[in-house]
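To keep things simple, chains are lettered A, B, C and D as they appear, and every chain counts its residues starting from 1.
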């Protein structure tokens, strides 16, 4: 057997393997994040943290739909400041922590970034792509100029690498990715959920209290893969793939499309916390069977094929 | 039993029931369209016809993905002029025909519209939303100004009602719908496919020859339903729902969201041509059980609930 | 996917508590201790234990009016409809030849089907049915018909049966007889007392916990207790897990923002 | 979903024809007459009948080099890989006690597994194996081992067996003996001749048709013949359907743009 390495380097952040939980999936609780790490993830991502505590939307906040899950949690979080101790506690156990966050204004983004940077987060993930909250909070990332500005403001105050997480609900994700890169993004996370909704025929009303929600899980996969492809073609910085990844084959496909690492969320529902180890082991087997020595060896290979 | 009517009126076009095949699904062959009608559809929609014959993309042009189907047919069609006789033959049998079409320029759209209008099509469906062809052909509809211009040009020369079919691959479908309405659209069809892709891990390359393709089927449903909701809120003209509709419950949900009729494509694969009758019968049962006298009675009801 | 449940009958259990019966295939196949998410269209969606599980037949919820959603449920009539998702979670594991079931308040909801499951396997458990006062004792007939004098009543005010909390009653019974398994559902502080008591005697416990449930699919993290999710790793926790979360059990929970607050009942 | 098939062995059948063996669980469960979509990564994807169907074992394709994709396949070696979707379509319905199978050219691909299926049911069919010339007769050994002298050879040039087309040979056999079912696969004009001949004698026919296959899922319409889709309603058509599409059968098909063109072989 060759010297096979599963570790990856994303903009200077070195991880034991290329899997993480997706932001907002379990990340509101430090003990659950620890369990994610023990389940085999290379790093953990927090719930998106804002400047103030938020309860999020009232239930129903989730419903299963064809091929996936719709959620409209509405960014519940105890506030970035409150969560600093959780970040510190996780890091004290040797767990790399990526702090996801959002704001209602550029100043917010800068302030929260500064706070989380000082808290020692190993990387920051800027959420400009939540479909479930008011425009000013969620979808700043639908617009190139805003994306660039937010990224630049965050970069100004951040010590660790800054990932910008993009939405698939845009006409041209490559343009937005370029804007984030221009703003100084160290990596792009693609993607957040697709905006969808569910209606109940018996009650003749939308099921989610927030009316619309974000589609995650398998139904999102082919769109997310295309987004990673488009973004990887457009930017030089690493891409982190996210959206509907359920098994190692999915993860490999995202890597072949150009992802250096992957975030896995909804799959936890059916595969449990072991999904991270399952995926990592599967990637290892794939690299070995195909004669690659590292994860890096397959990143973007499908781009080269055409 | 009350006087239950399943017929619908879409911008003056009266149909025996609110179901149609989705454009491009079987619509390249008049005998297959006849079979769709005999399977119970209220009208049939042709393959999108262009000014010139096109072979479309080379195979693979379709692959099954998680929750749906990806296709990149690439608008194969024998040319609008060639298809006129097929349209006439169908109409001669009493089958309402909606002619779907596209162009590479505004002049193209106008010319093809004129031709199809003169051929006697009962309605025209302008396809400004194909994700599988070069920008100038497919995604004119990603932009408000272009959508308005194309619609206006088509309206100038069309006798029958003009439906404009929109793409979900845009940041704000409501804005595009308003532009189409401003251009004179008599109805909006929402939606075409979501842009996705599939990669083969063994061959390390995209599966579709065209690299990306359009996602249809159940995986698209919750996004399409949200699009119908957004469009119905934004415009006064009727909306035709399309995307992942598989059974009568799906169809009813689209109607509650604001659709006056539905187009069904991918579901034919698993449910066969009888899907149209199945859906119509299901809608009938629903109307009856809930005391509604007509399809119109439920259109947009979920919008009123909130 | 969201389903619709039509209320087929309503039974008033106590001044502020009703049982709503309905038919739902999925729920009729649930195991004791599992819960469903109940949606009041136009209102909220909340978790509710299944208080009747009848293979092929009726299911039920037993609801105490403590706020807006539960009040709406308590006012429901035959023919009313709710949305329903589930059943969710891991219920009770049936084990032991002389089990003690300790219910406080609405805790009887999940323990009544458990008692029936025991009897079906030929084991007659001892059932402490506790409440504030006599009129609050829910499912008394159902349990007495099932278990006869193995039902031990307890009221805080002593209006009926043992005077005191269910947990105190449990302590007394554990002194008097030997049990090989303890099951408990009710106010968390009561369950903590039962757990500690059983621990000191080396009897394994299964307790049904409550935390704020949002997604019910193990994804959002809102229901965390230690490294576990009440919605999916629970709601029933065994002694091993209870020991692991002992710092939080009876002491700390997250509010809907994720802030940690105290547990006060 | 796309799967990968690894070529395990290659058998040259004729100067321009090879059989590629591979293992694939789905294909090994196919029925005779079904086809798969074979993807040459970097090249095209084309339909191919399954010429071996071996429950739990090998499957195969038998390919004649007629263009770019088929040439690439004919040049493949052991260890090469192709993408595969399917099996698709409706194969042959096995019926009749004295069936006649009429193969022309690569038509033997789908009829050989059918012959095996008949034998498995205790029926020995008569099999006309026709080709241009002796060296083009594919699967001769396989069929002779299976059917002995029930195999009737036919070559256009008379280099072996009957001199003339398979259809002419079929006519002769139908004159001589009585068959209760006719199965045919090969050039369309040959199949039309077989069909007309069988019709005039009232013998039911099943013919495997070819049209331009794109999606293979019955959605795009590219493979239409009359109101049917070769990809999903076929490729095997029975007499009733053949009568319905008789205007097109042997006469008209759609090119990849949807234009109607003539059928010339």
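Rule of thumb we're sticking to: a contact is a pair of C-beta atoms (placed from the backbone, for glycine too) under 8 Å apart; a residue touches a chain by one contact, two chains touch by 3 or more.
Just so you know, these numbers come straight off a predicted model, no measurement behind them.
Without chain A, the rest of the assembly breaks into the touching groups B, D | C.
Shared contact partners of chain A and chain D, listed by label, are B. Greatest Cα centroid separation from chain B: this falls to C.
Mean C-alpha position of chain B lies 37 Å from that of chain D. Centroid to centroid, with C-alpha atoms defining each point, chain C and chain D lie 65 Å apart. If you average the CA atoms of chain A and of chain B, the two centres end up 33 Å from each other. Among all residues of chain A, those that touch two or more other chains are 65, 198, 200, 203, 205, 305. Shared interface positions of chain D, defined as residues touching 2 or more other chains, are 42. Shown here, the protein chains touch in a chain-like sequence that does not close on itself.
Pairwise chain contacts present here: A-B, A-C, B-D [touch as defined]. The part of chain D that touches chain B in the complex is made up of residues 1-2, 4, 37, 39, 41-42, 44-46, 81, 83, 85, 213-222, 224, 226-227, 229, 254-259.
Interface residues of chain B facing chain A in the complex, by the touch rule stated above, are 65-68, 70, 142, 169-172, 194-201, 203-206, 211-212, 215, 218-223, 225-226, 229, 244, 246, 249, 252-253, 256-257, 286, 298, 301-302, 305-306.
Within the complex, the chain A residues that touch chain C are 24-29, 31-32, 34-35, 47, 53-56, 58-65, 69, 71, 73, 76-79, 82-83, 198, 200, 202-203, 205, 207, 209, 265-266, 268-269.
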